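One chain, chain A, appears in both complexes that follow, with chain B as partner in the first and chain C in the second.
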Partner chain A sequence: MPIVSAQNLSFSYELRDEEGNVAEHIDALKGVNLDILAGSFVTILGANGSGKSTFAKQLNALLVPTGGTVFVDGMNTADESHLLDVRKTAGMVFQNPDNQMIASNVEEEIAFGPENLGVEPDDIWRRVDMALAAVGMNAYRKTSPNKLSGGQKQRIAIAGIVAMEPKCIVLDEPTAMLDPGGRREVIRTLHELNEKRHVTIILITHYMEEVVDADYCFVMHQGELVMSGTPREIFSDVETMRRLSLDVPQVTEVAYELQQAGVPLPDGILTSEELTKALTAVRDGGDPAAAVEGCRRAK
Partner chain B sequence: MLKDLTLGQYYPEESPIHRLDPRVKLAGTLVFIITLFFGQSVWLYLGAFLYLLIVIRLSRVPLRYIVRGLKTIVVLILLSALFNLFLTPGDILVKLGPLTITTQGLVTAIFMVVRLIFLIMGSSILTLTTTPNQLTDGMERGLSWLKIFRVPVHEIAMMMTIALRFIPILVDETDKIIKAQKARGADFESGNIMQRARAMIPILVPLFISAFRRANDLAMAMEARCYHGSEGRTRMKPLVYTKNDRLAYLGLALYFALMLAIFITLGSRVI
Partner chain C sequence: MIEIKNLTYTYEQGTGYEAHALNGVSTRIPDGQFIGLIGHTGSGKSTLIQHLNGLMKATTGDILVDGTSIYSEHYDMRKLRSTVGLVFQYPEHQLFETTVLKDVMFGPKNLGLSDDAAKERARKALELTGLSGERFENASPFDLSGGQKRRAAIAGVLAMEPKVLILDEPTAGLDPRGRDEILSLIRDLHERRKMTVILVSHSMEDVAQYVERIIVIDSGKIRFDGTPREVFRHYRELEALGLAAPQVTYLMHDLADAGFTVDTDAITVDEARDSILKSLPQFRRTV
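And then the complex of A and B:
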């Protein structure tokens, strides 16, 4: 059973004029159908205004559909009686790490979620220890969040969700405000959570490098789901990506340009290692596609 | 410069007073303040003085830290002393032109000064020995009986917690806005008071907008983490009374009883 399932999901905002009359309906989501498998690492890509953040808020019942339905672990998000259960199942991390922290020290910050769930004190302590270990921030448990770097703050925000023991974590551009170092920290943490604790990760981003290692990828454009597949399948189609004003990873772009210039390279090269192997094969008169394939298998 | 601003004045130390439950300290401060208003008697004030001395000793906070709190209200103390000194009617002691000093005025002024000084010192002890977090925690649980009167105790405590967390962030932001406006040629240093006040507008407007945006984000993040008020909420560090806390309550009760006894036996006599 999929952990998240959106069926013909639509959502529209109302824009009101100064007298408070509805002036315009803006369709942020238009009939999105998708399933996300439990335990997978999924990314959702899209340019600004593509509806990806609106979609994220649907998964946590911060917004409820105006059309269609969303099921989180079998629960309909529009059903008020499941509200807390839905939020407990699908935790959510936001873009700005400063604006999602409540307490003045790290351990109390992480305890906030479990406290809201009414967990017993002993169990809260256990969960805080577990969550701190999961994001590798044990040394900072008494520190004030104001003294942490952006990447560390975002890891604490993730720990705050992990302590609620969700089956699924939705992250809405968690790295948009971070420097490259912080971004790497956060993405590594997410992969560890996915591999070691089998938490389903739904990462919303517009950094292509973060998509490469995902299991599956959805691309949104103007409120619609336009592409889905493995990152390799998605990035093989460089032209469509460009039309949607999205980038592909730099290496893929170089490979694509070389291909256009007549170098016999296969589609969907994602890492610089693959490109090196393929180009070496071309130089030595070998089969570049087989070289890339070998490289993938070795991984 | 704005970064040095800190709220509260916690003095870190491992003293018996520091380790007390914040509810005990709140109650102690409250009782102390009440007894200060029992009346004007040397004995009452001697009792309060002894109580204060013992608590300060136990807290191991250097006296100069406690006295420093008085600096901010020196003017207030002097003013109230002067008013009491010259404006209390009674038996004339000294006559200085149009001003007269009465015996009653002198006594009231002295008591007023001592009372204000004790008041500030007593409440400084509370903030010096309790972290802001413990304080809000103690208020939430120590004052939960106010819920009977529909006082939203939990909500107030939560607001205080959030305010404490966001003060440094907003201070940073103010700093940034000031720099940004200066970079565009804003002038905050010259002109009269009106002009300077007007120059604050381009700082305050963006600050307010950003504060509202942050509040909106935070509310969403709190909801996403299942926050739904105090109902069914547990705490990671529940406040539990220890033996020392009970002893402190006992001491407090003794102090209160003693002061009450003095008040009743002496009535309104000064000595």
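And then the complex of A and C:
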């Protein structure tokens, strides 16, 4: 069973002027159908205004559909009796870690969520330990959050969600404000949570290189789901991605440019390793497609 | 020209929490240069740029703008703030007026300009940022798209007609198209208006693509200063500082390790493509 299932999901709202008259009718989501498998690592791409953040907010019932249905772990998000359970199942992390910090030290920050859920004190401390270990921040448990770097703060925000033991974490551009080191830390943490603890990760991002290692990718445009597939499938279509105001990873772009110059490379090269193997095959008279295939199977 | 001389900024001086945000920074910024300023969060880069337009005052050291110390008596700080324009992170959060035109006029009016003169400057600034015409002028800033809002906020700084433009992560949170729009706008201001530009960025790819000089800050000190090619040669050291090199740099090193004769200093997609084509005998002539 999918952990998230959107069925013909629509969401619209009205903008009102100062007199309270309807000024504009906005369709932020238009009939989105998608399933996300439990335990997978998926990414959602889309230009600003494509509806991806509106979609994310549907997953823990911050917003509920105005048309269609969203099921989270089998629960209909529009059913108010499920509200708490939906939020326990799908936790959310936002862009700016500073807006998400409230406590005076890291362990209290992480304890806040489970405490609010009414978890027994002994169990809260077990969960804090577990969450700190999961994001690799044990050494900082007594530190004040304002002494941490951006990447560390964001890992604490993630730990605060992990402590609620959700099956699924939704992250809306969690690396947009971070330096390269902070981005690496956060993305590595997410992959570890996914691999070791089997938490479903739903990552919204504008950084194409963060998509490369995902299992699956959805692309949104003007409120609709317009592409879905593995990162390799998505990034094989460089021109469509550009038309959607998006991009491809730099290595994919180099491969595409080489293809345009006549070098016989397969579509959808994602990593430096793949391109190096493919070019070695071109140079030595081998088969570049087979070389890329070999890289992929080795993983 | 801006000359920074042995600049130090100390927080909570004389207490147990004393910390140096800047620790002896010296450099020159000639007119018309396009500089990328990189460093991890907390490295001191935001502190440095806030010194350049007088928002923060150095604990020790000096800043000379066109030969005059900004810390000298009777120095005109108001003039400094219009000479050195600072665009903060997420500048669109500071939009507040009822129309885009009024918002952009706010700065020049604060400089003491008449309504008409402020309007003229605002229109010029909006044209530079691609938001000219009644459609934008009379729109509420809050009805613009994310990228347009950011350009409107930049127009507000440009309307002060600064000689030096400093931007703190102007592309954070924008989609790739919005990012390209802002960066080509900045490149235009540098090339056509000869503005000095200091771009603070966490995107190594953007810095590699656009700037002519990179300054790397760590622990309040300048660690590297040179052309992008020179600086990204130190990619291992940059990683240790919480930074990185553009993705193509890693590709070029992997190719060199696999026996290709490629330029490991290539830092943009175009440079990488040309260098790779040259290294493949059967495609050499296509470059």
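Here is the rule we use: the second predicted complex is superposed on the first by the 299 of 299 C-alpha atoms of A that agree within 3 Å, B and C clash if a C-alpha of one lies under 4 Å from a C-alpha of the other, contacts with A are read in each partner's own complex, and residues count from 1 in each chain.
Heads up, the rule we're going with is that contacts are C-beta pairs under 8 Å (C-beta built on N, C-alpha and C of every residue); 3 or more make two chains touch, one makes a residue touch a chain.
Computed from a predicted structure; not experimentally measured.
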Problem - chain B versus chain C as contact partner of A:177, first or second or both or neither - result: second
Exercise for the section: Go through the superposed model and pick first if A:99 touches only chain B, second if only chain C, both, or neither. Expected result: first
Practice task
Check the residue A:254 against both partner chains and state whether it touches chain B (first), chain C (second), both, or neither.
Solution key: second
Practice task
May I ask you to decide whether A:63 touches chain B, chain C, both, or neither, giving the answer as first, second, both or neither?
Solution key: neither
Exercise for the section: Have a look at where A:291 lands relative to chain B and chain C in the superposition and call it first, second, both or neither. Expected result: neither
Exercise for the section: Applying the touch criterion given at the start, work out whether A:137 contacts chain B, chain C, both or neither, answering first, second, both or neither. Expected result: neither
Practice task
Kindly classify A:187 by the partners it touches after superposition: chain B alone (first), chain C alone (second), both, or neither?
Solution key: neither
Practice task
Would you tell me the residues on chain A in contact with chain B in one complex that are also in contact with chain C in the other?
Solution key: none
Exercise for the section: Can you check the complex and tell me which residues of chain A touch chain C? Expected result: 46-49, 95, 149-151, 173, 176-184, 206, 208-209, 245-247, 249-251, 253-254, 257-258, 261-263, 272-273, 275-276, 279-280, 282-283
Exercise for the section: State the interface residues of chain C toward chain A in the complex, per the touch definition above. Expected result: 39-42, 89, 145-147, 169, 172-179, 202, 204-205, 239, 241-244, 246-248, 250-251, 254-255, 258-260, 269-270, 272-273, 276-277, 280, 283, 286
Fill in the blank from the handout: chain B residues touching chain A in their complex are 132-133, 161-162, 164-165, 168-169, 214, 217-218, 220-228, 232-238
Problem - Interface residues, chain A side, partner chain B - complex - result: 60, 62, 84, 87-88, 91-92, 94, 96, 98-105, 107-108, 111-121, 124-125, 128, 145-146, 160-161, 164
